[in-house]
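As structure tokens, here come the structures.
In the two complexes below, chain A is the common chain; its partner is chain B in one and chain C in the other.
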Partner chain A sequence: METALLIGLNAAWQIAALALLALGLAIVFGLLRILNMAHGEFVMLGAYSHVLTAQMGLPPVMALVVCLGFVGLAALLVERLVVRHLYDRMFDSLLATWALSILMREAVELVWGRSFRNVPLPIEGVTQIGSTGYPTYRLLVIALIVGFFVLLWLWYRRSLTGVRLRAMVSNPSLARTAGINTARLSAMAFVTGCLCAGLAGLVLAPVLAIEPNMGLDALIRSFFALVVGGLGTLEGLGIGVAVVGGLQAGLSAAVSQTAGYLGVLVLAIIFLWRRPDGLYRRR
Partner chain B sequence: MGFIVGVSAVLGLALVLVPVLGGDFLAWQIGLYLLYGVAAQGVGLAWGRGGFLPLGNAVFFGLAAYGAAMVLRATDGALMVNLLAMLGIAAVLAAMAWGLAALVFHGRSDSGPFFSLITLALALIVAQLAETNPAITGGFNGYAGFPPLAGLDPFGMLYYAIVALVVAVTAALMLLDRLPAGLVLRGLVAQEGRLQLLGFATNRVKAWAFAGAAFITALAGALFASHQGIVTPQATGFVLSAELVIWAAVGGRLHPLGALFGAVAIGLLSAELRDTLPWWEVLVALIFLVVVLLAPGGVAELLAQGARRLGWRHRGGRTAPGSAPPSRAEMASGALRLEDVHLRAGSVQILKGLSVACPETGILCVIGPNGAGKTTMLKAITGAMRVQSGRITLGSRDITGAPPHAALSAGIGRKMQIPTVFRGLSVTENLQLAALAGRARAADFLRPAALGWCTPALSRLLHHPGVPLAGLGGQDAGSLPQGHRQLLELALTLAPEPRIVLLDEPTAGMSPEETALMVELIRDYQAQSGAFVLVIEHDMALVAALEARVLVLHQGRALAEGTLDAIRADPAVAAVYAGGAK
Partner chain C sequence: MKIIRLVPLASALAVTLALPALAEVRIGVLIPDSGPAGLFGPSSRQAAQLAAEDINAAGGINGEPVTLVFGDVGVPPAQAVQTAQRLWRGEGVQGFVGMHDSAVRAALIGQFRGQVPYVYSGVYEGGECAPGTWLTAETPAQQLAPTIPWLAENHGASRWYLIGNDYNWPRDTNDAARPVIAEAGGEIVGEEYVPLGTSDYDASLQRIRASGADAVLVTLVGGDSVAFNIGFGAFGLDGQALRLGTLIEENTLAGIGAAGANRLFAAMGFFASIESEAAQAFAARHAQTFGAEAAQLNGMGQSVYDGLMLLSALGNAAGSMDASAIAQSGDGTAFSSPRGEAVLEGNHVAQTIYLAEGTGGAFSVVASFDSVPHGVTCE
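Presenting the complex of A and B:
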């Protein structure tokens, strides 16, 4: 019973963390049809916000502000200089964002070095659930992520900006003739996606090893979750992270970390081969 | 051919002079970057010629290096055994690459991010396995304690073995561009959909490109083991994979020498500058980004463009004409039938129980208002769209749901509404590809003579006094005016001599003279071959000129069929066109 609860909590943690990691990628792909290969590097920038905050002599609480400013600025620059020219050119955008990811990794390595860094947990301690203890920070993060997704979904379905975004996705040129500034909306969507990535890095930093190459793992896992669920929708993201996160947590508990990783890869290859649209299809 | 020999000789000579002029240490350094360069040539082959980007090609490099190191330790460096083992390892890795690409690209006709990310994940997995299994691979510390190939000194004679590999691979890649196989690869990058309609299973074409890339990369990796005397997980990892892509991109993925020089130049500069200039790696990444954005062909393509501007034009060797073997498409027989076909795209039901019984020979014109499902019917027949229910048969064969590349060998040729020709390839090369379609067998793709094939239908068409294509040989097919492009696509469609010809608005955008010519060519082909020709058309004058039976589609069903006069008199048809029936 206790182990079952523990495994369940671990699975919930994996799934929630993966959902947060994948959200930015899903936003940028779903709204802009760009596979942002530098997605993981924005996660990395978010995680390094802790380091930057400490260097600036600010209290750890300010990391959130630093993260939003730091990642937002980087995303805005990237959109202006690179991504803006590549809408509707999927292959070129893939390559350019890949180049960008290398540039970001090298730049961070130049500034902060290659060594691993750790961020202390902002909230220490363990919460007792029945007789099982679970880290409080993780429980809090799971709750935050669930709340965040509910709000996001409501906003996307109900708000005027949400309507404009959906109009842009379904028919960009018609949206433009209807007076929607798609260039600004696209830039906003890209920056928002990158901010989500940065926030994921910020929140998950205490449980990750922070180093310049950490983004790659985030990208691969997010991408495969989205492939399984169906690229480009919130519903697909939910299904995908549940399947992939659950599988990884289960295999890691039952066999080993490597087995969890391999299992996800095999599942992703099967989906890429047989069901490239994923489990969830629109309508 | 002389060009390739010349370039190879100059390359070989220049490389052989390196130890003489620069000393053994420089030769050792350059030897390493030459091996990386060969691996980058592999990336260039997959990317430039296959059109997809492998982000994890170091997998083949590293696995071959581990394999070679293990064989070297087991056999104590015996020459023949090791050479055979290295070739064997490379062949096995190439076969695995073939299988992976054929599997992932099956049933899809894009080269998008999916495959690239799978290769990247494979590189991560293999590197992790190498790190976590020290009993087999030596883990982090690497696998060492094996003699170099045939006892060749890494600071001496081994360099010449590397030069031999570099020259052989470079010559082979340059030769590939002169072979039918190379032409098919360039056609793949230019216009995958048309290549499928010419009967090529493009997932297998990509698989061959990836297998070639893996083979080359693996050979370099195998020699890398002897050169370094140690193999670490880094040889399989994503950092090297990324560097291979950068070298191929900056040097130029479209030219065998581009990727090679990209690797040697950037590699040597990095070795010199990495320690003195801390921002060197950032600069390399920045150069990569700028190349991607502003000069997608890399330095080699810039040089080639400059050379072309100066008037230096490489003339492809002219192949002696020869007669082509019979086409599989002309062997087919039987009439095309659609029975109660339903097809839905998204939420729109386009075909709602379409049944058509075509005659075995003759011309049938299909008319109908916009949205009637005319083009969709062709897509259903060629497998470009999947039908939900119903049957499509050709004689006794059920071709429902067959993939697009199978259409040609079933006897079906299709001309698109918006003409698809191979842009970036010359008119001659377009026609060469069409002459291969349905006729070439595996060995023919490696025989230059197959590029000189003439086919009866193509010759008739090209020799028609009104058809200007023969005089446009060297011109880029993408720069042709619309009328010429329509004619070229007709030539591509008819070259394999299909028994069933599907033409989707073949005269769109044509002048009256060109339209008359098109009608004459269609009728001529039909009369010569006895084929069945289905023409989608809006222009009633043209329908009359074709003297064909007429089928009217309306809202995804067949509404009426008969002679043009009978159709004109049909009140149901008149009602559909709301008085617009002429």
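Presenting the complex of A and C:
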């Protein structure tokens, strides 16, 4: 009973963390058809926001503001200088953002060095659920992520911007004719996607090893989730992270970490090969 | 006429150019500037520079000053071999000191074939017997034989869980741990290997909890070790079990942070916080020499200092840098370093091992063991 609860909580944590990690990648791909290979580096910048905040002498709670400013600015720059010129050129944008990811890693290494950084948990200790102790910070983050996704989904379905976004995705030229400023909308979508990546880095920083190359792991895990779920929709993202996160947590607990990793790899290969659209198809 | 007048000038020039080449010993220092181990590049380089200063202040090698030539070996073995080849054949390097992974070491040994003296200094799995190769590196036997019984006696560690990355260093370390744990009256309650690059340890932590272990031997490396130890602390497992790591140095501990470091022990030949006079003097000089550029002192980087000290002592004992001459006179060569005294026995050194505790987020040395044998027997 206790073991089952722990496995369940671990799976919930895996899925929630993965959903947050993959959201930015899903937004940018879904709305702009750009596979942002520098996605992980925006996660990394989000994590380093804690370091920046401490260096600026601000209290830790200000990390959220610093993150939004720091990552938002970086994303805006990248959109203006690189991504803007590569809409509708999927392969070029993939190469460009890959180069960008290398550049961002090197820049961060230049500024902060290669050493590991530690971000203390904002809330220490474990919460007892029955006889099982679970880290309080994790429980809080799971709840936050669930709330965040509900709000996001409602906003996307109900708001005017959501309508415009969906219009842009389904028919860009018609959207432009209808008076929608797609250039601005695209820029906004890209920055929002990067901000989501940054927020993921900010929130997950206390449980991760923080160093300039940490982004690659985030990118790969997000990519697997999107491949399985289907690139480019919130629903697909949800299904993908549930399957990938659940499979990894389950196999790791039941067999071994190697089996968990292998399972995800095999699943991703099968999907890329047999079902490149993922589990959730656009209607 | 003009040409004849130029001759003495030209020969004078040739002599001046040739002189330093004749009157210096060029040592190749092979350290990672790039790749996953690139973290140790700066500290390795600085340790090498301090060693060169000390060797030259003591009269160099056979009266000739030492000059260092650095090569980046944080690259795949085939590339590392090319770098070493360039230093050896192209730049006239007469001896090598290396701090890198074992795949690179194997490739280098294949290249050197015992024709040039080569000292390896980084913590490794033990068992290297190639001719022309000498090692100051800590072996698993050295790190574990004194520390596991100490932890059993002072902290009651008896039920050990072994977790490491899935490659030869962790597996060989655990092989060395088995008899030591049995000897100390303990038992092994679990053993697990995870792929390199694993960032999530929930399942492993759950197994550790269920195993009832009161001690965990951690042979995870780099970011994997950081993530594991953060999780260990977050789940409150530090109350159940202490941890012993054989590759947890100052950078890794900084990544783990205070909350994950409660009852985390590390066994290595060097820590920045060793309280001996030699170690304190070394740390002070390091800080003074490099100022704001000073890298975090750690056992991996500092090991290059020991490697150079051994190579210099070997060259002086043999009266030359000829690898076969060194092989004749090498056994018993002694040198001192911030770690303490070390003596070459075979091709490894007997040396001091320190056990440090990371509780609070910084290492403090809780025990030291002098002249620990390396446990490597070569034919």
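Heads up, the rule we're going with is that the second predicted complex is superposed on the first by the 283 of 283 C-alpha atoms of A that agree within 3 Å, B and C clash if a C-alpha of one lies under 4 Å from a C-alpha of the other, contacts with A are read in each partner's own complex, and residues count from 1 in each chain.
Everything that follows uses one rule, which is that a residue touches a chain if its C-beta (ideal position, glycine included) is under 8 Å from a C-beta of that chain, and two chains touch if they have at least 3 such contacts.
Just so you know, these numbers come straight off a predicted model, no measurement behind them.
Steric overlap between chain B and chain C is present once the structures are superposed on chain A. In the superposed pair of complexes, A:96 makes contact with chain B only, with no contact to chain C. With both structures placed on the common chain, the touch criterion links A:3 to chain C but leaves chain B unconnected. Applying the stated contact rule after C-alpha superposition, one finds that A:106 touches chain B and leaves chain C untouched. In the superposed pair of complexes, A:208 makes contact with chain C only, with no contact to chain B. When both complexes are overlaid on chain A, the residue A:120 reaches chain C alone and has no touch with chain B.
In the superposition on chain A, contact of A:176 is made with neither chain B nor chain C. Applying the stated contact rule after C-alpha superposition, one finds that A:261 touches each of chain B and chain C.
Looking at the shared chain after the overlay, A:35 reaches chain B, while chain C stays out of its contact range. Legend: residue contacts after superposition of the two complexes on their common chain; A:14 is shown touching chain C, with no touch to chain B.
Of all the stretches 22-30, 130-138, 166-174 or 202-210 given for chain C, the clashing one with respect to chain B is 166-174. When both complexes are aligned on chain A by C-alpha atoms, chain A residues 213, 217, 258, 261 touch chain B in the first and chain C in the second.
Chain contact summary for the complex, chain B toward chain A: residues 53, 55, 103-104, 106, 108, 111-118, 120-122, 124-125, 128-129, 132, 238-239, 242, 245-246, 249, 278-279, 281-282, 284-286, 288-289, 292-293, 296, 346-347. Within the complex formed with chain A, the chain C residues making contact are 36, 38-39, 166, 192-195, 197-204, 206, 210, 222-224, 226-227, 230-231, 234-236, 251-252, 254-260, 296. Residues 3, 6-7, 10, 13-14, 114-121, 124-126, 133-135, 137-138, 206-211, 213-214, 217, 248-249, 252-253, 256-258, 260-261 of chain A are the ones that touch chain C when the two sit in their complex. Those residues of chain A lying in contact with chain B across their complex are 35, 37, 82, 85, 90-92, 94-96, 98-100, 102-103, 105-107, 109-110, 213, 216-217, 220, 223-224, 227, 258, 261-262, 265, 268-269, 272-273, 276, 283.
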